[in-house]
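Each of the next two complexes has subunit A plus one other chain: subunit B in the first, subunit C in the second.
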Partner chain A sequence: MFTGIFKDTSVRILITFMIVLCVLSSLVLPDWMQNNFMYGLSRGLAILGLMLLWRTNLVSFGHALYYGFGAYAVALCQKYFGITDILLRFAIAVIAAGILGFCLGFILRKYREIFFAMLSLAFSMVLYGLLAKAEFLGSTDGMSISPSTLLGMELTRQYLFYLITFFVICAAISIQAYLRSTLGHLTTAIQDNEIRVEYLGYSVQKAIHIKYVMSACLAGGAGGLMAASLGQVDPDSMVNWNVSGELVFITIMSGWGNILAPFIGAIIFEFIRTYAFEWAPQAWAAIVGGTLLAIIFFFPGGIWSVIEKVFNYGKKKNVK
Partner chain B sequence: MEIKIFNKTTKIASASMLVASCLFAGAAMAKDSVKVGVVSFLTGPAAGVFGVPAKQGAQIVIDAINNGTMPAPYNTQGFAGAKMNPVFSDESGGGTKQVGLFRDFVEKQKVDAMIGYISSGNCMAIGPIADELKMLTVFSTCGTPRLYEEKLRSHVFRTQANAVGDSLAAARYIVDMYPNEKNYTGINQNYAWGQDSYKFFELGMKQMSPDSKGSDKPQFPKLFVGQYGTEISALSLDKAKVVHSSFWNGDIEAFTLQAMVRGFFQKKIFVSSVGGSAVDALGKKFPDGIVMGTRGNVGLLARDNKDPLNLWFIGEYKKRFNALPLGPSYQYARSILAYKFAMDKAMKKAGKFPTQDQVIAAMKNIKFKSFTETISMARGGGHQAVHSVGYGLTKYNKKGKTPGAEKVKMYGPECIYPPAGTKSEDWINAGMPGAKCK
Partner chain C sequence: MSNDTVLKASDLNKSFSGIIAAKDINVSINQGEIVGIIGANGAGKTVFVNMITGYLKPTSGKIEFLGEDITGIEPRNATHIGLCRSFQISQVFMTMSVKQNLMIAMSLSKKNGKALLDPIADDEISKECDKILELYKILDQSNNIVSTLSQGIRKLLDIAMAVVGNPKVILLDEPTSGVSVEEKFGIMDIVIAALKQTETSVLFVEHDMEIVERYVDRVIAFYQGEIICDAPPKEALSDKKVIEYVLGH
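On to the complex of A and B.
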């Protein structure tokens, strides 16, 4: 599955982009931008998970379930076991969300289209209700998370950023490897015609289930990293339906052409929001919404389609 | 050649001089102004009766201090001589979002201090981050006692006393005014502020009126829900006559309107610890005879206070915004006063423009003159203010066409707060030793 993965153009571009980002942010760009990159890359993982589902025409309106689950897994492990190691935090978030995704996958894999979207929304709101009611889970106040450590050492935000970039590269490469495999190629086939895929001898439900678990893992990891980099979790900014909506919005904004697209989209979103908040504290939501609307109107293929046009990148691949 | 070299040298010299002068100018500039982030709800259900009046209160005091037009004892211009350049920002969106914005304020906008925050949830989220980023932060309104009882904070101050006093004063008022009512219940928002408020009201009632009994069905709806039909039914069926509530923002207005039409307030003794702002918003529609608090001697309960600083504040507020200042207006303005007080004090001690550490050292344990009383930062290691808290019965003033209050009782800080270093819950359970009530 991973053979020749580093010769893949998308992977090469991804790695170059991330390295450039790291170098720029540590040498040239001001400190605050690093925060935006960190949030953007973390959230980008969840977008990557949604993009994966989208390739099979499945839109989840409840991915904040896994995003929040990962974040709360990190928070609870700190509260009860004192775990602050960033490697453990990431692993716990991914595994916790993966297990939840595996269980719910048995139900969700049977549904398509609006039913899939609404059912996933319902599950996420169940978690939201639990978290908002439970006082020992911090209720609507949430919990604060102490700065991460690495193998017992204190971790500066600079190194946290490098580590997040590293996690993102690993995750994105794994996804690219999956997309190049037979199972990955099946996804677009399922989108075209499920019955035909079944006749070819593959189980559509199984393929979707695997994809769903992967997507849950990514969203969980995203939540875990977000919690670690922000230092706070609460149900309204991690699990509520508008968080799911935001994720779907960034997915549409990014476009689904490439594994790099979600990260660029999420970073741009962070910057739009930062400036909207600064310029118009009373109408920031209108600015964010307006920008997203404009992108959908003028670039229906998302930001990635613009990049493709500018660099003429997608064409060569199609010819091949 | 020589001339050329000379030219080059002069160029370099003049360029470096220019750079140097810019640097000096920059250093001088920093002493001319301080940049401060002022955060309150500017959108959403808490903006109208909380966030916007809070911002307006801060604006009046900041402008007056910048221009040197504030009455004594704040009649010197500026904050340690520097003008304040406030950056107003929105508090809505939850703690996690606010933490992100706080980082932006510190690292991107490079503010000198942060002032504000209304929601207890946000304060709990910002507290640890402010210490981590070493940013002087003055909380204005939020009330959860957990902020300092969980941990002492190095960079965080709060000029508003915590929920313990609001709840204990409410219990005292009930015991003083309605000694025969022994059953009570509550409706509070399900988050730090609401949970703490009801908990301390209950603990206080148990101590002050040992044969009283709390209902086993107190209501805890979610914050910002706005629909209370079922809760009103449940409370109406409950035999407890006293109903405690720490509702604030649009929730208290919504609750009042929905409960009013069902005759709720005729049947119950409703105790509202922060509802003062809704009284003004609803005007003459607001029912009379509700036990109302404003979290201190501010807002509705301070309308008749003749302190010159208070009269000035009310006058300026009316002139500029054509409205009366509400509780949050006072609370934010008070934080600005505390900041000025500490800046000036630190400047005096240091003999030059103070560093952040000097301001923090100066702010600890201060006693500063506020609009209606002198407030001391006597708890939480010198970081947490205590002040008196009052309750009264709402009474619409038909002649002046303004909302007002009657039978107001003020409880001093020695009566409703534990001594420094004692946890509130332990102190109340021990029978509130040393409490001095008039």
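On to the complex of A and C.
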């Protein structure tokens, strides 16, 4: 699966970008920017998952379900088992969301278009309702997360950022390896023609189920990392419908042309929100919405399409 | 079922909310045989093909493939056992190149399990794809995006994708529909020559009697869901019922 993956142009660009980001944020940029990078990269994992579904023409309006589930899995494992190790936290978030995605996937894989979108939203709102009412999970106040450790040592924000970058690189490389495989090519094939895929001897529902579980794992991992970096989980900022909307928003803004796009999109979103909130606290939502409108009207392929044009990267791309 | 018989349909019936689409269909197809299925619109030709390939489940009756009962089989399982089809409207991946289309088809027919996670750009598969593209005379189009190509090339690609796994039987649903008059014989020459090399049995639904007369060993004519004639082309095309109900003379 990973044969020759480091010769892949997209992977090389991804690694270079992440290294530059690490160097800049530790040597040049102020601390608050590092936080934005950290949140952007964490959220970018969920966007990567949505991108995977989008390539199959499926838009999930309820991915906060997995995002929040991963975050709460981290909180619960800390509360009941005292787990604070970042590696375990990430693994637990990914596995918990993956199991939930696997179970719900049996229902969702049968639906397409608006039905898929709304059904996924419905599931996420069920979880939101449960979390908001469950007192042992902190109800609407949520739960606090203690700082992460690594092999027993407490992690500084700086090292947490490096580790998040490492997780992001590993996840994005795995997705790139998947996309260039036969199964990965089925993402676009299913979007083009489900009947043909069935008559080539592969179950479309199975292929969608696999992608859905992968997408859930990525969103869960994103939620777990976000919980570890924010130090707090609560239903409103992790599971509510507006969180799902935000994830879809960033996916559209990012574009789906490359595995790096979700991370660039998520980081840009963090900065737009930060500056919009600072400069126009009463109208920040309108600025964010206006940005999306501008992207849809002028760059329907998302930020990645702009980058492609600027660097003429299109000729070399091999993701598709 | 004789030793030569690869496909046999017995007493096949299909109805949709009381409307009979197929009635008591009994057909045997031998290895390497090329059979033309003719009939007016709504005569039951495509329903028959859809039942054979698992797209529709028969209301009653039995379908045997190489001696095994495959009635109501899932389309993807029909493909796995060697019963493939092409479509009236080409079912290809429009946003991909010709070669990518074929490579996906080839990979799915050759790989399973974990091997499906290996990179699709495999030298061996790529060479085999080139051979098939050459056989179907579309090698020069291999890097072109399918949506930019003519119906004729899409038809050839559709058929090439169906045969990558060397099926025992292929069902072609109107292989020349939507193709220009100038292209149709050229396309059929390529397809039939390629399929004859592999001893694949061919069943094709066709409205064009020139094509039927020229390429098939046997003709099965449908009318109102029933078979009204099953004979060699000359005999079938001069049959009274065929002339009246199919050719409309």
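Here is the rule we go by: the second predicted complex is superposed on the first by the 315 of 320 C-alpha atoms of A that agree within 3 Å, B and C clash if a C-alpha of one lies under 4 Å from a C-alpha of the other, contacts with A are read in each partner's own complex, and residues count from 1 in each chain.
FYI, contacts are C-beta pairs under 8 Å (C-beta built on N, C-alpha and C of every residue); 3 or more make two chains touch, one makes a residue touch a chain.
No experiment lies behind these values; they were computed from the predicted model shown.
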Combined model on subunit A: subunit C and subunit B, fit or clash: fit
Vertex subunit A, arms to subunit B and subunit C (CA centres, degrees, nearest 10): 150
Which of subunit B and subunit C A:P281 touches, first, second, both or neither: first
Which of subunit B and subunit C A:T156 touches, first, second, both or neither: neither
Partner chain(s) touched by A:Y178 [first = subunit B, second = subunit C, both, neither]: second
Partner chain in contact with A:Y202 - subunit B first, subunit C second, else both or neither: second
A:D192 touches, of subunit B and subunit C: first, second, both or neither? second
Nearest Cα pair across subunit B and subunit C, whole Å: 38
Set of subunit A residues, in rising order, touched by both subunit B and subunit C: none
Interface residues, subunit B side, partner subunit A - complex: 42-43, 88-90, 93-97, 99-101, 103-104, 107-109, 120-121, 124-125, 127-129, 132, 190-192, 195, 222-223
Contact set on subunit A toward subunit B in their complex: 30-32, 35, 39, 132-133, 135, 139-142, 144, 146-147, 230-234, 236-238, 274, 277-278, 281-285
Complex contact set, residues of subunit A against subunit C: 1, 3-4, 177-178, 180-186, 188-189, 191-193, 195-196, 198-203
For the subunit C and subunit A complex, residues of the former touching the latter: 53, 75-77, 79-80, 84-85, 87, 91-96, 100, 103-105, 107-109, 111, 114-121, 161-162, 165
